[in-house]
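Next up: some structures, all given as structure tokens.
One chain, chain A, links the two complexes that follow: it is found with chain B in the first and with chain C in the second.
Up next is the complex of A and B:
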């Protein structure tokens, strides 16, 4: 009986892992395809498509997306921290209602948000906001609920007894925030920022309303490119983006140490 | 008044209609080891929280070394505190935990190191300075909490059932250690417990609390106390 359960467990584990990784494997193989038409012939391969990435056509959108995601993750992290502090730590009057309000944008489809933002900007006469400023604002609106959520959870879990212990040891409010609260919730802040970064970097439904010629994000550039051709460059873009995002997660994790939180330990 | 460390004068606390602490009067001289003994829910923690400044009294006065504490925030009372669950800072080593109070007083590096060393030695933990709290046993965590509380040299230490999470053997050993630390430092200990034996073993004086009032005050060795019935005994 036990062996059957154990066997079932291993089979499902392998299936899940295959299911998760197979698309990646296919994309990676496609990015090495020797011909312009994507073929899967593992014994013939080339890295020429990665060379094509090193051109303005792909580098410019990449730089825009990376900068956008960085600005958005920092802004969402800072704003999320401030909001979570008032709601989850100070527990201001009506904090439960404010929390629900802060999370409510999650319920609005991105397409609707995109249309709303464009309508707002044009009816307010802010035409020159279309493009990068609009992208930044829209992505912050999109990612802030995620950041607030993760940071507020970390704040809710902060043991108030630690605060009292700090107080009895003579720590002022600023000292307690600096030496106790912030270091302890840091993993939550950085996981919120990581989510904001990834969501912004991969976003299509909102960005599509706000990009302008010469100010196009990487995912939108990919979408536009697909309309004309489906060649291995796209696979190479995907693999490169994937590696980039993994690198960013790695760096955020090094600074924030959030895998410790996920795995239930610290240091 | 000169050698009174704490005076509680007509101290009361109500939560809504519930009178949790009722008109307590207590005078604790400098250097005394006082136990507040009583069953769970009788208002011991509430009383400590008022002395520490976390809870405002409904009425009455708390004086520390002659000074009325009304409106003085906890961080300026210079009262050490040891919590039941220790409340160690999980992101700091034992040494950093113990140094925290001194760091908050903006003491110099050398003085901090020296005082941390001394505090850790008095609880026999000098060899574990670089460990994190979660790498310690319950007893070691308890000692770290004690070292952290005494490092800034408070004249008064409040301990809220500090041994209740330890097993019996360790509890008995820690009683002796706590008493030794108190005598070595000569500071006032207000020790809250629901364990009669514990209170008797360590204290100069036992204050029996019952439903928010002081039912009895006495020396643990006094005949009158021995024969008195301790209400709703924990054991």
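Up next is the complex of A and C:
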């Protein structure tokens, strides 16, 4: 009986893990297959579809998405730092209420936030904002709560005794922020920024309302293309952008060193 | 950072003044107000207006709740999200249990496998399922080649395809939420039950599952709210035949340009989410109480 339960457990574990990896493997195989029919025979594979990516059709949206994600990640980092400083470090009066205000966008589905922003810009006559400026604003609304939460957690964990030690040794407040607080919370700031970058780069539900012809992000370009054709170049785009995201995470990790935080994980 | 500098320079014996203390909050709050709070308020207001009439009216809401098309969309959203909630929780449980209890070297690999898809973005994964499920897709081609079926099975462009895709997208969140719950269960309880002669099955049935009911509930609620508001997966895998609230909202804004009706749909979706979240927190609080008394 126990063996049966154990066997069932292992079988279900393997099945679920197969389910998780299947679409990723299929997309990779599709990106290397010579025709739209996915082949799992590696000797037939070709990288020709990756060569097709070097055209304006894919490069322009990629550049827009990458720039957008970079701006959004930096803005979320700076704004999140400012907000977290007041709420989590200074613990201003009413910090709990302010924190829930800062996190409130999380309670609203993305698609609803998207509609609200596009209706607001249109009825306020801010048509120029549709396109890149609107995308930046909308993505910041989406990513800021995550950044605030991650940076605030890092600040909550900051040992105030260090601050007192610095103070007793005569360090000014600015010095203590610069040489004590910021270096210690750096991993938290960078994990928030990395998160913001990934969310912005992959976003669909907000971007879909704000893109314009000539100013379309990569995921939206891919979705629009899927409606017409399923040729392997799409798979190549997807794999390439996944590799790009992994590269960005690697770079952010090198600068910010947040993996220690994730593995060491405070609760 | 100049704001912080300004604050530090004017140190006073009795600490910084109130206004100065709040100064760094100004930029993030302004952005939230301008691009979140005001637009949300405006959207709610817009749902009570009609372009051809002045004053407030419930006309758009009446239209929503009397229109077969929108009601069907709402029903589809609820059924789809419910199915995804069940599938995610059932599939996430064994993985979370393994991650919570295993000390083997495979643990890191399983953890990476479970969480890594989140980096790939929704488009890649949904596209992958489209290749697998469509009429000339992986599964149908294989089954036809094997001679099991003559005609392709309708696996994509319907509820089945969307539920499969959404389950895949949301599964990592389900795993993480069950993992926290399972880590809270003392493994010694299971060991002592086994020493006292309980079978594996009864340990799972009478100890593990009852103690993780709060985790199961929160995983289901998370999966429900995430799928009810998902846009990309229903749009790609559902096609024209399977419209849910999220894809209908998009069409109202960009094709029919009916802002008031779009605002109504968005509000209905939002209220639905809030109700589910409210029921969820109540239920979780009650379950916690029950477990800890």
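Observations
Assume the second predicted complex is superposed on the first by the 236 of 267 C-alpha atoms of A that agree within 3 Å, B and C clash if a C-alpha of one lies under 4 Å from a C-alpha of the other, contacts with A are read in each partner's own complex, and residues count from 1 in each chain.
Following the convention adopted for this analysis, contacts are C-beta pairs under 8 Å (C-beta built on N, C-alpha and C of every residue); 3 or more make two chains touch, one makes a residue touch a chain.
Note that this is a predicted model, so its numbers are computed, not measured.
When both complexes are superposed on chain A, chain B and chain C sit side by side without a clash.
Of the two partner chains, chain B is the only one touched by A:159; chain C is not. After superposition on the shared chain, chain A has more residues touched by C, the comparison being chain B against chain C.
Within the superposed three-chain model, A:126 lies out of touch with both chain B and chain C [touch as defined at top]. In the superposition on chain A, A:251 makes contact with neither chain B nor chain C. In the superposition on chain A, contact of A:184 is made with chain B only, not with chain C. In the superposition on chain A, contact of A:7 is made with neither chain B nor chain C. Looking at the shared chain after the overlay, A:168 reaches chain B, while chain C stays out of its contact range. Taking the two complexes aligned on chain A, the least Cα distance separating chain B from chain C is 6 Å. Chain A residues in contact with chain B (one complex) as well as with chain C (other complex) are 172.
Residues 1, 3-5, 7-9, 11, 18, 21-22, 24-25, 27-29, 31-32, 34-36, 38-40, 42-43, 46, 91-92, 94-95, 97-98, 110, 113-114, 117, 119-125, 127-132, 134, 136, 138, 141, 168, 171, 199-201, 204, 225, 228-232, 235-236, 246, 249-250, 253-254, 259, 262-263, 266, 269-270, 273-274, 277 of chain C touch chain A in their complex.
Residues 1-2, 5-6, 9, 12-13, 16-17, 19-24, 26-27, 30, 37-38, 78-80, 82-83, 85-87, 90, 92-93, 98, 101-102, 104-105, 107-113, 115-120, 122-123, 137-138, 140-141, 144, 148, 172-174, 177, 198, 201-202, 204-205, 208-209, 219, 222-223, 226, 230, 234-235, 238-239, 241-242, 245-246, 249 of chain A touch chain C in their complex.
On chain A, the positions that touch chain B within their shared complex are 159, 161-162, 164-172, 175, 179-180, 183-184, 265-267. Across the complex, chain B meets chain A through its residues 52, 54, 73-81, 83, 85, 87-91, 100-101, 103-105, 132, 134, 148-149, 152.
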